[in-house]
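There are two complexes below, and they share subunit A, which is joined by subunit B in the first and by subunit C in the second.
Right after this comes the complex of A and B.
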């Protein structure tokens, strides 16, 4: 129906409540979590098969059984970029799910939790596979709905309720804005297929409406991508959600917004590149400044990490705004690195919070004495995200700046560099607090995190070092994905070739 | 026959009313209603465009999107009202100003 990996995710997600019910009757509380991890492994295996197909044909086109061709019918288009992003979602999802088995064991409603988690991953995978706005919107709403429920999951406390409500209102308003912009595109061209839209928007006459639509698209997807004037849901939602969910939200879900923005702008609004390029670059710089300056003021560990996510979205959007092969490669490479580093940091933060019951940085001083492995991994993640040379963050951030300089956006590149220097201040403050200072009473009483939580953390920390020392294959993969993003003619041909 | 422009103007006006409602209302239920108004602005615009593509013929694409989207809007509203219920149990009020324990 929707290609094997997505089918597997959707069907296994729908089957989760049954599995959870049987396990509940038999008294095995860990079964839903193990089942969800296994489902993600199955999906990853199927995705590998799809990847081989994409390598052969460059674009795999999936249409339904109706006797119509793509512009009339909803379709899925899978190219290198889709496979690249889907791999990232499933792998990060696997880490977060495996970590949740121990982390969430004291909560009730675990079956629902894993169902929603698989639904969120299925939604994100569907978004990157979508070939028209209709399919994209359906999966977009799947991702949004599950994430609202996950943010407000611990519904007996005040913080998840407030953050969940705020997130729901802002994000649903963003979705409505996307729907309005879709209706304008539909009114101008009569189709919602990306390829057909790209073809017909080049010779449209209604310039004014086109600009209004462009603004609505940037605002609508920008709410999800945490562009600065619309980012206010992010720090609340990220700090109120359970830690594995924060890792998913910040590691991959925010990137989905950036992906959708970049794909729609490059493909559908390709003819208006000068108009959106500068806008996106200005928004990117605003986002960096907003995130970094606010992160300097935080005393709450998860809030600080959330604002650092805002800043990193700025770097990624700047790479997309350059819109050259180098800029997109750098940005997509940073998407991988940011997902790995931020997931690592949020999972470590989750371990600290579970063992000490506090997120307040003042009480977490010197916790490395009692939780050495978690603290060491946290330090590796922090050094990587502060862009120090042997680790992975360095390569992608330098590549973004180099691409900016080569595309003659010197002022923006200098501002990006200044932001990276500014961010080092609060990352080093984190390292000082966690490792160098004397332990407080709270951190002296902490015990080591359980082994099943340490395994994902250790693997992610290892990946940070490994990608930093040996970045070649990952840069290659991102450059192929960037090529697929820029090859608009091939994309349009694959869809409309039959006409 | 009424011109298409009136429908589009009406949809844009609804969108602005919805945004105003989200920005200015304090009751949580009214915020959820504001969301519904926003989504319905987009629906109206879709239906109007699909009806005016050519005379005597209605494009099914716009209608199928609107039907799907009504379903999603129902889900979002249900979830939002659930959260409102929990908020009311916790705070004994529906005023969002009382929910300002989160800093910026």
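Right after this comes the complex of A and C.
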């Protein structure tokens, strides 16, 4: 139908309600969670096969109907970047799903929860596989729709409903903006295929309508990528959603917005690079400052982490704005690291909240005395995200700055460095509160998190250390993905070569 | 009456954006298919066959989108079921 990993995700998603129904009848409440985790393992296995196919056979793998007629026909165009991103979605999804089995055990509607979770991961995978702007948009809607319901999943409380509704309104406005930009592009070129669009617009620069379309693309994808000032949905949605969903939203979903933005800018608007490069760099710096300053003011653990995500989106966007092999490699490496670090932090936050029933930092003081493993993992994640060597965050953040300096974007690099220094203040505040301070009554009453929740946390903490000590393979993978992103001629040739 | 400054700023920004957008539309003529690579296959606008032509086009050229859209509809139904579910009573 599409490709094996995507087919597996979609078909297993559709089968989840049936599995859940049978499991509930038999009284096995954990089965949907185990089934969803197994589905992701199957998808990861198929994705590995696809990765080998991309490496061995072709730089860009095209999946479509035969005879292939790309300018009009919808197709999937899979390159190293697509595989790179899809691996990240499926692996982070696996951690979140495995963690959810225990975390969500007291909630109702678990069958729907796992169906939506698989749907969201399938949507994100479809986005990175899409070779056509409209196909991307259909999968974009799949991702958005499932994430609205997941944010508002705990519907008994007012907060998730309010956050979900706000997210729905803002994201729908963003989607409408993307749709408008697509209609303009189709009106000008008669196609929505990425390679054909890139081919048609190669030598165009001074077209007023293209600038309007460019602005619409940046705003549309910018909402999902949480670019300041379109970020206001994010802190509410991330703090109100169940913690595994916050981890997914923060760890990978916002990156999908950044991916789509970078892909469209580099492929379709390549000829207008000077125009969007500076705009994106300015937005990146605004996003860093907005995220970091707001994070400094937070007393709610999940809100603080959410604002930290906004700041990190700024770093990632700055790497994309540099638009060199080095800048893109650094950004993509930071995409991996941020996904791991932020998933770890949100999962730890979820464990604290589950055991104490509070998100307020004032009440979580000294919780390391009663939850030592979770607190130690949280401290590792915090130190890593604060870019302290030798943990993973250090390498990618330094690589972004180095790439900025080499591209002669000195002022932006200094501002990025200043933001990284600023963020250390609230990350160390977190460590002080969780580890060094005297326990409050709430902290003293907390019990250790269940082992099944600790396993994903411990693996992610280990990955922070492992990638920090041995970053080579991950930098190589990021470099290959960045190369695929920049090889626009190869991409066009692979799709339109025969025409 | 108290004026909400944030709301006023937002309203001003929206009006300004609408004005700029309108000015741009008046200033620049839309380049219809200016960058299109020939040949572009167009559907003939004859009411009798248009429905058949469109569905034929969709099945021949956009089948990936059609199938993906079916999954979007399934996900929409799952979202409704999730948000309209009856909560289980705690024992």
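The rule we apply is simple: the second predicted complex is superposed on the first by the 484 of 499 C-alpha atoms of A that agree within 3 Å, B and C clash if a C-alpha of one lies under 4 Å from a C-alpha of the other, contacts with A are read in each partner's own complex, and residues count from 1 in each chain.
The rule we apply is simple: a contact is a pair of C-beta atoms (placed from the backbone, for glycine too) under 8 Å apart; a residue touches a chain by one contact, two chains touch by 3 or more.
Remember, it's a predicted structure, so these values are computed and weren't measured experimentally.
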{"item": "First (subunit B), second (subunit C), both or neither touched by A:166", "value": "first"}
{"item": "Touched partner set for A:294, first subunit B, second subunit C, both or neither", "value": "first"}
{"item": "Touching partner for A:158 - first (subunit B), second (subunit C), both, neither", "value": "first"}
{"item": "Which of subunit B and subunit C A:56 touches, first, second, both or neither", "value": "neither"}
{"item": "First (subunit B), second (subunit C), both or neither touched by A:126", "value": "second"}
{"item": "Partner chain in contact with A:187 - subunit B first, subunit C second, else both or neither", "value": "both"}
{"item": "Touching partner for A:232 - first (subunit B), second (subunit C), both, neither", "value": "first"}
{"item": "First, second, both or neither for A:149, with subunit B first and subunit C second", "value": "both"}
{"item": "Subunit A residues touched - subunit C or subunit B, whichever exceeds", "value": "C"}
{"item": "Partner chain(s) touched by A:134 [first = subunit B, second = subunit C, both, neither]", "value": "both"}
{"item": "Contact residues common to both interfaces of subunit A (with subunit B and with subunit C)", "value": "72, 134, 138, 141, 145, 148-149, 152, 155-156, 184, 187, 190-191"}
{"item": "Subunit B partner contacts - residues on subunit A that touch it in the complex", "value": "72, 134, 137-138, 141, 144-145, 148-149, 152, 155-156, 158-159, 161-166, 168-169, 172-173, 175-177, 179-180, 182-184, 186-187, 190-192, 232, 235-236, 294"}
{"item": "Interfacial residue positions of subunit C with respect to subunit A in the complex", "value": "21, 24, 27-28, 30-37, 40-41, 60-65, 67-69, 71-72, 74-76, 78-79, 81-83, 85-88"}
{"item": "Residues of subunit B defined as touching subunit A within the complex", "value": "8, 11, 15, 18-19, 22, 28, 31, 35, 38-39, 41-43, 45-46, 48-50, 53, 59, 61-62, 64-65, 68-69, 72, 75-76, 79-80, 83-84, 86-87, 90-91, 96, 99, 101-102, 104"}
{"item": "Contacting residues of subunit A [partner subunit C, same complex]", "value": "1-2, 10, 13-14, 17, 64-65, 69, 71-76, 108-109, 112-113, 115-116, 119, 122-123, 126, 132, 134-135, 138-139, 141-142, 145-146, 148-149, 152-153, 155-156, 184, 187-191, 196, 199-201, 204, 207-209, 212"}
